[in-house]
Amino acid sequence: MSASEPAVRKPKPDRPNNWGRWGEEDERGALNLINRDVVLRAGGSITSGRVYSLGIPIQAHDVPLMAYRGTPMRLTLQDSTDHGTYAPELGCHDGTGSHEDVLVMASHTTSHMDALIHVYGEYQHYNGVDHQAMQATAGATRLGIDKVGGFATRAVLLDMVAFFGEHEEWMLPGHCITANDLESAAVRQGAEIRPGDVVLVRTGYLRFWQDHRDEFAQPGIGADAARWLASKDVVAVGSDNAAVEVVPFDGGDFLGVHKILLVDHGIYLLEFLDLDGPAADGNYEGLLAVAPLKVTGATGSPVNPVFIT
Amino acid sequence: MSASEPAVRKPKPDRPNNWGRWGEEDERGALNLINRDVVLRAGGSITSGRVYSLGIPIQAHDVPLMAYRGTPMRLTLQDSTDHGTYAPELGCHDGTGSHEDVLVMASHTTSHMDALIHVYGEYQHYNGVDHQAMQATAGATRLGIDKVGGFATRAVLLDMVAFFGEHEEWMLPGHCITANDLESAAVRQGAEIRPGDVVLVRTGYLRFWQDHRDEFAQPGIGADAARWLASKDVVAVGSDNAAVEVVPFDGGDFLGVHKILLVDHGIYLLEFLDLDGPAADGNYEGLLAVAPLKVTGATGSPVNPVFIT
Amino acid sequence: MSASEPAVRKPKPDRPNNWGRWGEEDERGALNLINRDVVLRAGGSITSGRVYSLGIPIQAHDVPLMAYRGTPMRLTLQDSTDHGTYAPELGCHDGTGSHEDVLVMASHTTSHMDALIHVYGEYQHYNGVDHQAMQATAGATRLGIDKVGGFATRAVLLDMVAFFGEHEEWMLPGHCITANDLESAAVRQGAEIRPGDVVLVRTGYLRFWQDHRDEFAQPGIGADAARWLASKDVVAVGSDNAAVEVVPFDGGDFLGVHKILLVDHGIYLLEFLDLDGPAADGNYEGLLAVAPLKVTGATGSPVNPVFIT
Amino acid sequence: MSASEPAVRKPKPDRPNNWGRWGEEDERGALNLINRDVVLRAGGSITSGRVYSLGIPIQAHDVPLMAYRGTPMRLTLQDSTDHGTYAPELGCHDGTGSHEDVLVMASHTTSHMDALIHVYGEYQHYNGVDHQAMQATAGATRLGIDKVGGFATRAVLLDMVAFFGEHEEWMLPGHCITANDLESAAVRQGAEIRPGDVVLVRTGYLRFWQDHRDEFAQPGIGADAARWLASKDVVAVGSDNAAVEVVPFDGGDFLGVHKILLVDHGIYLLEFLDLDGPAADGNYEGLLAVAPLKVTGATGSPVNPVFIT
């Protein structure tokens, strides 16, 4: 695409979608569903006073990493070998100093949030944005993670490990969660999914991974579950697995759930979340604060969502 | 320090401190002040339904950066030039693809949180941890940002720009905020600082910086303000400036406020926060969720705190 | 370009070129001109026993850097704070240890070599390779720096500062060097350009830059000089400026000299070389060894050419 | 070490060494042995006209990497998705563009050169430099790779695989090469080691590694071989293994050969060199050009030595 020829906006997909719902130029998608009432209701869902940090560690070992994303590195920028190099004219006392690092990591390392620019189908992103809106030098010129800010809303955790009970700690790899499964689990937990919610789907994958590090398959939601969640007007879907969606892909459609959620509906994905703590405590509802780094032009961000129940 | 000879714990400082208050081996400091009652009270402080993202952008230009920390980079890992490289055996449709990045940035880039390992005085960190607990390869073996997790508590914003009124948009560089100033501002705002709170101090520095990029001095709190905040049992102090504390340093003591807060009391610092939004709306109280990345061994983390008022 | 549809090879340009000269699949271009006779002749050109390292420092300051390439960083991987962490079972004596770094830098940082994949014109690289042979994840699938290896050949330094004498230390910015200028300078120096040679063009730019860091223009060769060099069957052209070619570009053609050399002829470029030493000593001929890093898929490499006269 | 208290220079070791030989402040060690006669002699050793690039690829897979050094990354800075973003005012024609990368890699990645600051023993480096001359922020304040420049001298390849003949392609892991072995191999090859030479020791390790990637042990030289090489006044020792020296370490002394060569004698090490080409051709002597990147303060550099026989 030359800078001088604007991308022609393609027609809306002929399936349920949110394109144009919040304006032709909208770049925030389902985040538009969060209004002051939703936030106040989220505040009201805090009843136990327990806070869960849903991020898993960012480190080079013992966490699931994908080889093409490289190995996250924490490198030392300042340590005690720099002692004595601070200018005494600034009043630096002997024995005073500081420690700092530089971080090198993929934006989709361990626990992370996908921006709407992350995946495209039929060469298009959410709201008809052409896939060439991502440029190597500038990064995401539209739909980047910098359009998200931080957000807070109500979240409901659906513990599908408990629901299926097929293994004490995890769902079987390749097990495809359906809309009916999610609905039934919600009913059993007495939870109601409301517009503006985040739904957190626990599959036990992070526990499974500990002992099956070479297994490619994973449990996750399928296409009709994604459509059902979209019909409920959720803002984001989080899971403890690598891709929210089941692998091998439902219907053999590569990134099919990503396309339904991100592309068709502007609904965000949160991956590799540690959902064990609230599940163990039976704390299924609360306020979820998600704070992606505001990296200009990035396609996602590592996150450490805070779940306050 | 050889691995075989354990560091001798030095005596507690002969000034107010929290060493030993939560155990000799404690690595979380003032975060211990957040209990279920504090969280429930924070939830109760959500009254407007407004959510503010306090992080400023992470980018190479037009944000305050310190040269020794390098320039943050977002580099492209995947874009549309990779189109067609996805294995068709995974069911990849023509026109489907994804976009990803790699991030390179200092852990103390733009809006960030200092871990307790960040600063030492008299060769010691909080709770008597030797400054050699930071190692180049391993990073922080104690008191690292990975000990924080994410947290949520009540926050009170003190708008010192409005309090002093010396300039419409900012406090003057070098203006040292005292304990009395903070206390008076709190009274004027009708705010009460309680144990477990975060206090956010607005100086207008980020606005000042836009037009004075080479100015070294900045407004910020001084030593007695730091001691007063510590006496109030706050968990963290945030500000819109580079160091929370006034520069030139109060009393000519390099990093003096860092040493009172981080070292003596285990109280965290949040720097380069954008506090303009809630100040403009007069929303001074709410729940603050802070979610540093769980980078094992890091001395801090970029953050994008979410303030829900 | 989908992986399944091979790029259609476009017709050769209707101007002098080396496409097809060394086979339709050739990826090394003018390096094919170096044969054993050329190398032996280069060895014979060593007469003074002086060795010059032509690279300039790689560091964050006081060297010409382009902002979009980021700031090069040397970060500490190991230092004396790691002392004592080596496993004593490996026989590590007290007092023994090692120091290491991690480097982060653009492949075209300071003194560097352009691979043939670096620049394209009419969407094509040397030998008709489509510009989509560069992919974000894989990098250069053809014509990358990894196709170069290290090479050695005879080099001739043309000191254009001395030739023009318009300023004691540098040529004026924007001064376009012509074929006639190069030829006359060679005659005056008594130098003959032969097939397989590298020609090093000294403009004094690195000295000029020290005092004119914001100046965009630079002296360098123009289009007919590039064509003349190509007609001489040189392997590479090096210079002490940022782009070998004059800026503003000769004839207003963005990267025009790059296109004549890299694209049309498969002739390599070496930029930001320090040519002051051999020029000061009057050592204009010798063996030049150029050793780009063998980074798979890279578009260039920092280099530190060794000129043995 | 405080900046104000200069390190006390410790006494010279009571074993053969080069401390003080080239001055108390010398930072180049055995490189001082290369004079014009040595270079001219090296030029005279070029007899076959063959050029060998001794570096192995820098990539994330299929090359020996050490986990603590991270995985080398080539990341895309510019590709064809940036097409059209060049300012037309610079004369950018449609279809013209460029490709660039950013590199992230350890300074001791794959084929590399150790600077004299790399290893210390008894808390000291070559010439009595204290181990605290390496600082996290500044890097090597003395003895860094930036003190090397590029160099060229005569090199002699000793093919110990052929000498021992214990396996067609490699020496056995843990096989310690003695001074007598090196001397006998030189005699059998008709090679003479002279002051100022580089000696290249081929063990076949890179071939062995291909099929034994988890093997820790490797063949290499032992302590008396190192002392013998030092007595011959060599400038550097290169090998195809990870550490030049045998592992497990000779005499159980961790990095013992590094200490004899780097620390005691200021002799450099070149590791992970591909020596198969010249060995296969029987080209054992020639001029070796080594061009470490001039990264200010680095402890080593990836290299791609050029061997011209």
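Note that the chains are named A, B, C and D in the order they appear, and that numbering of residues resets to 1 at the start of each chain.
In this text, contacts are C-beta pairs under 8 Å (C-beta built on N, C-alpha and C of every residue); 3 or more make two chains touch, one makes a residue touch a chain.
Keep in mind that what you see is a predicted model, and the values were worked out from it rather than measured.
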item	value
Each chain counted as touching subunit A and subunit B at once	C, D
Same or different contact residues where subunit C meets its copy subunit B, judged by the half mark	same
Selected interface, A-D versus B-D, where C-beta contact pairs are more numerous	A-D
Euclidean distance of C-alpha centroids - subunit C vs subunit D, Å	23
Centre-to-centre distance between subunit D and subunit A (centres being mean Cα positions), rounded to whole Å	45
Two or more partner chains touched - positions in subunit D	68, 70, 73, 76-77, 79-81, 83, 102, 104, 132, 134-137
Complex interface listing, subunit B residues touching subunit C	1-4, 60-61, 67, 70-71, 73, 76-79, 81-85, 94, 104, 132, 134-138
Touching residues (chain side subunit D, partner subunit B) in the complex	68, 73, 75-77, 79-81, 102, 104, 136-137
Complex interface listing, subunit A residues touching subunit B	34-40, 42-44, 46-51, 53-59, 68-70, 72, 74, 76-77, 79-81, 83, 86, 90-93, 95-108, 111, 117-124, 131-132, 134-137, 139-140, 146, 149-152, 248-249, 251-256, 258-259, 287, 289-300, 302-306, 308
